[in-house]
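All chains are identified by letter, namely A, B, C and D, in their written order; residue positions are counted from 1 within each chain.
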Amino acid sequence: MRPGEADPGEADPGEHVGRALAAECARYAAMGWMRGTSGNLSVVVGRDPLRLAVTVSGKDKGELTADDVVLVDAAGRTDDPVRVPSAEAALHGRIAAVSGAGAVVHVHALAPVVAAERSPGGVGLRDLEMLKGFGRHAHDDLVVVPVVPNSQDMRVLGDAFEAGFRPDVPALLVARHGVYVWGDDLLQARHRLECLEWLLRFEVGIS
Amino acid sequence: MRPGEADPGEADPGEHVGRALAAECARYAAMGWMRGTSGNLSVVVGRDPLRLAVTVSGKDKGELTADDVVLVDAAGRTDDPVRVPSAEAALHGRIAAVSGAGAVVHVHALAPVVAAERSPGGVGLRDLEMLKGFGRHAHDDLVVVPVVPNSQDMRVLGDAFEAGFRPDVPALLVARHGVYVWGDDLLQARHRLECLEWLLRFEVGIS
Amino acid sequence: MRPGEADPGEADPGEHVGRALAAECARYAAMGWMRGTSGNLSVVVGRDPLRLAVTVSGKDKGELTADDVVLVDAAGRTDDPVRVPSAEAALHGRIAAVSGAGAVVHVHALAPVVAAERSPGGVGLRDLEMLKGFGRHAHDDLVVVPVVPNSQDMRVLGDAFEAGFRPDVPALLVARHGVYVWGDDLLQARHRLECLEWLLRFEVGIS
Amino acid sequence: MRPGEADPGEADPGEHVGRALAAECARYAAMGWMRGTSGNLSVVVGRDPLRLAVTVSGKDKGELTADDVVLVDAAGRTDDPVRVPSAEAALHGRIAAVSGAGAVVHVHALAPVVAAERSPGGVGLRDLEMLKGFGRHAHDDLVVVPVVPNSQDMRVLGDAFEAGFRPDVPALLVARHGVYVWGDDLLQARHRLECLEWLLRFEVGIS
């Protein structure tokens, strides 16, 4: 089983999902992509109805434990009596519902935010080998990563995401905020995120 | 108890404050924010009268032990027969007294100094999600981080700090020197510092 | 025996080659040069006929084990029933055949790709001490690192490599893709790669 | 005893000097300042006549052991039957003789080389707090770090160093090559180097 992979029929995400989410957070925190308590990750643990395990709000993302995860529904609501899900859990739910992704990662890496600032209409990438790691072709395949304005209303963000959604672009840039990337599981989401971040550093560096 | 949290009525800051300060220094040193022996951190250990535990002067900040902390009063003076407090202890005291902060961190990260150099009248930040990690709003909330000229006289620095102090801006940029950030405890100060440093890297990167 | 050194007459590259390749990958991954599953390394394990041990395709390069290596011939083909060699194994084979190298490393460091973008006709380096670590002289010795267009056809890439090959330039820049460096063994290839990456960061930084 | 401190009357530098030099090299290698096999460090182990323990040539500086050190005289010559001193040992000797330093560190950090490229007549630094960590004043004290042209002849480099030597500037920039910094011992040299590198990154970043 790959990191964070959960049995979709399982009632409780269980400790292994929590451990996987905490480990991924620690990795991203060490890369400087989850400064402060920023960013949040989720794994889909049920499809019908949609349920996600998402990292809790307000904690240092380099110091999470397997217990710092909370179950939410598609709208990001929980009936957990103690743990508070990330405020952005509803957007995770929306992305998982629309894209069919099994894992969604949201980090505050710098290059995506600088790239979005320079290209508010969407960041075009083309003819770059690293696009293969993003699930696309290295040649003759224009990828436009959508940019949406920042908002604190997850329905507004979700509507903007859905309006620009294309099944072949597993990422969303939120202007002056950060980046969302998704995949079948945490490992695929990680690889797509790492490749996209590289691509955006390249774009920022040469422009 | 969160890292570095001290009982305000405690006579001796005790080893746990020293351990917490040494661990935070090691973290910042690894990030390149305490090069040489630069920077200093403090925790308030008494309010009436004000007393702080502050890192000692002149040591490698990546190699402090729990013992490399010295108790000072509001003016940065100690009666410790051996340990020498940071020369900037008096500014820590002034910040703690004026702001009511429980912890003050001062590091020599590069982006704050570059940002202050470009904006000597104060660095304006607005409409950025990371401002939430600094205790402010992500929208329609202009944050101006004050910049004061560098000085070796802590009264001069303290007066400049106090003249520009606003309770809702928990940071001070000292031109051609470094940044001070404060919070209720070391963890909140860390999160605010990490978010501010990200924001200033963003500002420097797009300008 | 230096890391990754193999007895050329040995039938099976054995676990020590796998361990050495995994360790080198982990090192480069930690440096940010193998983001996602990008990059691949190889060691020559036989000369007549040419055979290489090359890292497998599609895995996280920071998490390889000694088993994630596959034997290929000069054209990058394997008869391994399970493991899939990197798609670029054939270029490794071509480089090893033409240059006589014992190890070939291919990473997606950023500076080489930015340098190639700026100098598509080849990147000239001269009068820099670090050229000694690349096997050249620090003075009066112009080194032109060839740049070839990216391709998914390893014969096309291989022909372009061979057309520009000079025995005294142990590196190849693939535009909008990454860099290949080779040497007698993994350690020499590492040192040449590290020096070349430094040189290209210098070039990019001052231009 | 501080790291790398040796009894000047001791016949053999002993294992503790080797361990200290190896540990400092590993630290600088991890910071990216000793890529490939570049850079070299030394500690004075005798004054009359001058003798230094210097790191050996050609090894990966992140993987040295306590044994990878060789004793040399003021001209960088050794009678060690096995170990080869760094080619730059003679410049270490010259610097130690002229400056009276107890330790000399030479690394290939990038910012010093970029700064030297932009200011071939010497890099001026003034009114920066970090100058205190370099042994100077934070205000009204112009520090000019000399730049000398690169050479493979250590007498030429040594003469150029001596011609520009001032007792209050414990550093030398070698154009298109790297930086030398010295101090009473390895720890002071480290702190001065870290502060100078910060200062030069600041200069490069704002110019």
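Rule of thumb we're sticking to: a residue touches a chain if its C-beta (ideal position, glycine included) is under 8 Å from a C-beta of that chain, and two chains touch if they have at least 3 such contacts.
In UniProt terms the chains read A, B, C, D = Methylthioribulose-1-phosphate dehydratase.
This structure is a prediction, so every number in the text was calculated from the model and none was measured.
Engineer: Show me the overlap between the contact partners of subunit A and those of subunit B.
Structural biologist: Of all the chains present, none is in contact with both subunit A and subunit B.
Engineer: Compare the two sides of the subunit A and subunit C interface and say whether they are made mostly of the same residue numbers, over half shared, or of different ones.
Structural biologist: Mostly different residues: under half of the interface numbers shared.
Engineer: From the C-alpha centres, identify the chain that is farthest from subunit A.
Structural biologist: D
Engineer: Any idea how many Å lie between the Cα centroids of subunit B and subunit C?
Structural biologist: 45
Engineer: Which integer distance in Å separates the CA centroid of subunit B from that of subunit D?
Structural biologist: 32
Engineer: Identify all positions of subunit D at which a residue touches two or more other chains, and write them in rising order.
Structural biologist: Within subunit D, no residue contacts more than one other chain.
Engineer: Hey, how would you classify the chain contact layout here, line, ring, star, complete or other?
Structural biologist: ring
Engineer: Quick one: which chain pairs are touching?
Structural biologist: All touching pairs, sorted by chain label, are A-B, A-C, B-D, C-D.
Engineer: Under the definition above, what is the set of subunit C residues touching subunit A in their complex?
Structural biologist: Touching subunit A: residues 35-38, 60, 108, 110, 113-114, 117-118, 150, 152, 174, 176-178, 204 of subunit C.
Engineer: Subunit A touches which residues of subunit B in the complex?
Structural biologist: Those residues of subunit B that touch subunit A are 127-130, 133, 138-139, 187, 190-192, 194-195, 197-198, 201-202, 205-206.
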